[in-house]
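Next, two complexes with subunit A in common: one pairs it with subunit B, the other with subunit C.
What follows is the complex of A and B.
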């Protein structure tokens, strides 16, 4: 029993960190544009399939496919941004419909190009087991991307707090109007937030491809999960996103261990509803702010 | 420096400004006065780009102002403050100024930031969170500081003294006066207090129901019974 719980906590921690990458991208875009990109999970999916093509067609290691996937995903993300930018009225609401539609198009594009078959890496190195003390089991991919994900979350925090454009991004998130009156060009920060979100989504996509299996419907599920994590964390809290993602990962792993894998997605939803009811500002958020 | 010509703004069917003309010269200190709802803040919103006029022209130095987006106007040298301070919540006091300086001027000058903090009496508060750890006077000072950090040519102060108690108001007035004397910055201030306008401004422009009804020295303005009736909200039948 104790061993099972410990393993569930460990697996949840490893999974939660790449969930954090997905959620952080969604939160960044929400922060600067106040829109929820419902096609965000499909960007993760696209990165995973680019890595699949690189490996299966060109015999490239999935890690070597990261730069190429980043370019592809960033180009698609910028195209999504340019479409959203054309919305002149009720952008918050209309962008939901637009990005939902883009998500469906991307999923169908993946279906058309790569079919509905389940895919995974064929590079055995990623799947080899790493065992700690005969107690904690994981794959090399999970350990590698745990480390990369933590580093990337840290790098994003550093970027937001220490660099000019990171500060400008926070300024636009905090108060778009005030930031513009200080000379910040909001379009630059919005495009930048899409690009940073794409970089994070790409790494998450490769983590999923090398550690689990991918299929075209995965994108939508990831968007929902990222949204839940962002709300759990509370808007504007990077450590909150990391902790919220790990919490979801752990709760899912415990559900699979003690109940059923068919309930895995449900527990995240239940947690989401409980937090919305009891603490609508999120577990680590600061409440609603008004300019 | 700034020239508004026949600016009109309508919100729905309601005329907020009607054919407003306003000129501000280099180094001038102008008071924008009038009863509540006269359209004073709308004038600032038009100049800074938050509101698009339905008619009229506006020039700032050699620039066709109305064609410029908000951030370009800030970079060209127009800075404004809000009646309700709007600090960037996620940043410290110093970071608020740093962002304003970097994006308003295109360069960073930590020494100038220190000077602004010192001038506004915010040095000890520099590393505090701008949203949660400041008193009202400090919030007001930060609002001016953000504007100064963009190295403006024209400063628009929207009821910068509102909500301050007598001593705070006195100190703030002196600070603004000193700022104008030392920098020669062109300033337009929205203010209700006649004494403050008389002390600070070379000229006062009175708005009523979205129209300019007087543009004179404060002494003349506040001696005109017609203007005073409108200014205090008493209207003849």
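What follows is the complex of A and C.
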């Protein structure tokens, strides 16, 4: 049983890091625009299917498809941004309806173009096992994207804390008017947050495509998961998002190990509700805000 | 005579509610202008209108002989018109140092960001002690120093300061005004909005009094009769009309 627990913790850690990529993008966009992009998971899905097409049609390695998928996803994300930008009244609320609708359109677009069949990479390299000490089992894809994800979260943190536009993005999240008084055009940071979110979403999409299986309904599930993680972490905390994502990953893996895989989605929700009851500001969020 | 900042008959307000009624004001380079007046007189709205945070429906805003009416807030900042907003508006979940570095965001100031940071820390040593703290954890006085320091990082040519004494203890107010006097002695152009008449008069060269969205008096600070000013301020009948 001990070995199973250890394996569950390990798998949860590996899954949690790519959850973090998805959740981080959602949190960034929420920070700058104060909107929840309910089509965010569909961006991840799109990236995965672009990689599938690249591999099956042009026999391109999924890793080589990353730059191409990034461009496609970024273009779609900017289109979503431009649509949101057209909302003049009650943007917070109306954008929920808009992005939910875009999510449905994207899912059905994927369904139409790529059908409902389950897909995965056909490059065997990704699926080969990596075993540590006859105890911890994983695939090459999982290890590779674990490393890439951690590096990307680190890079995003560096960008936000050390660069002019990263700081400006945080400033807009913190106080939009004050940021304008510092010479920041908030629209620039809004577009930027969408592009950064697209880059993170793309990598997450390729991680799922090479490590697991993809199907059109995945996008919606990912949006919900990213939303749970973001709220769990406390809106706007990057280390919080990483830890919250790993927590969800581990709890899901433990549920599968000890109970049943059909309960996997349920435990995440239960955890989410418990945290909301006990710590409404999120695990790593700030206390009640002034005003 | 060319003023650093010239405001000509502007009307501005929030949506359907107009607040400023044909306000005109002129600021000489290197002087300190105080705008006084009771709550709701439109002083802060005037500064916000200059910064493009409030829509100007009529009139002109001229900076160094260039028309700037309708210019976006960020472009006003790029022109060197900088505002320290009422209520400080620091970035609460960012560190003191990151707040100051945000002040250096305009491209023209970036090359001197580190030098300016050092100057601000010399001016306000308490900010230097707290540089790694979150701005949300600062006291009111420290937050005001941070807001002023952040404004100075923007290298203001025209420095608009909105109610720096708001909600602060008298001893802290003295400290803030000592800082403003120092800035004035360095020859900066300052527009100060205040409710604390005596404090404002102690640094101002020129005084405007606003009431109900209009300028009701403008005078050289040295000539101001405080009793008369207060009569106007509180709209007592003893004061002469205009």
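The definition used in the following text is that the second predicted complex is superposed on the first by the 288 of 291 C-alpha atoms of A that agree within 3 Å, B and C clash if a C-alpha of one lies under 4 Å from a C-alpha of the other, contacts with A are read in each partner's own complex, and residues count from 1 in each chain.
Here is the rule we go by: a contact is a pair of C-beta atoms (placed from the backbone, for glycine too) under 8 Å apart; a residue touches a chain by one contact, two chains touch by 3 or more.
All values reported here derive from a predicted model rather than from experimental measurement.
Overlay on subunit A: subunit B and subunit C clash in the combined arrangement. Looking at the shared chain after the overlay, A:171 reaches both subunit B and subunit C. Of the two partner chains, neither subunit B nor subunit C is touched by A:5. Once the two complexes are laid over each other on the shared chain, residue contacts for A:163 go to neither subunit B nor subunit C. In the superposition on chain A, A:179 makes contact with both subunit B and subunit C.
Legend: residue contacts after superposition of the two complexes on their common chain; A:122 is shown touching neither subunit B nor subunit C. By the touch criterion stated above, A:260 is placed in contact with neither subunit B nor subunit C.
By the document's definition of touching, neither partner reaches A:59: not subunit B, not subunit C. When the two complexes are superposed on chain A, the residues of subunit A that touch both subunit B and subunit C are 164, 167-168, 170-171, 174-175, 177-185, 236, 289. Partner subunit A is touched in their complex by these residues of subunit C: 51, 53, 72-74, 77-78, 82-83, 85, 89-94, 98, 101-103, 105-106, 110, 136, 150, 154.
Taken together, the subunit B residues at the contact with subunit A in this complex read 48-50, 69-71, 74-75, 79-80, 82, 86-91, 95, 98-100, 102-105, 108, 131, 146, 149-150.
Taken together, the subunit A residues at the contact with subunit B in this complex read 164, 167-168, 170-171, 173-175, 177-186, 236, 289, 291.
On the subunit A side of its complex with subunit C, the touching residues are 161, 164, 167-168, 170-171, 174-175, 177-185, 236, 286, 289-290.
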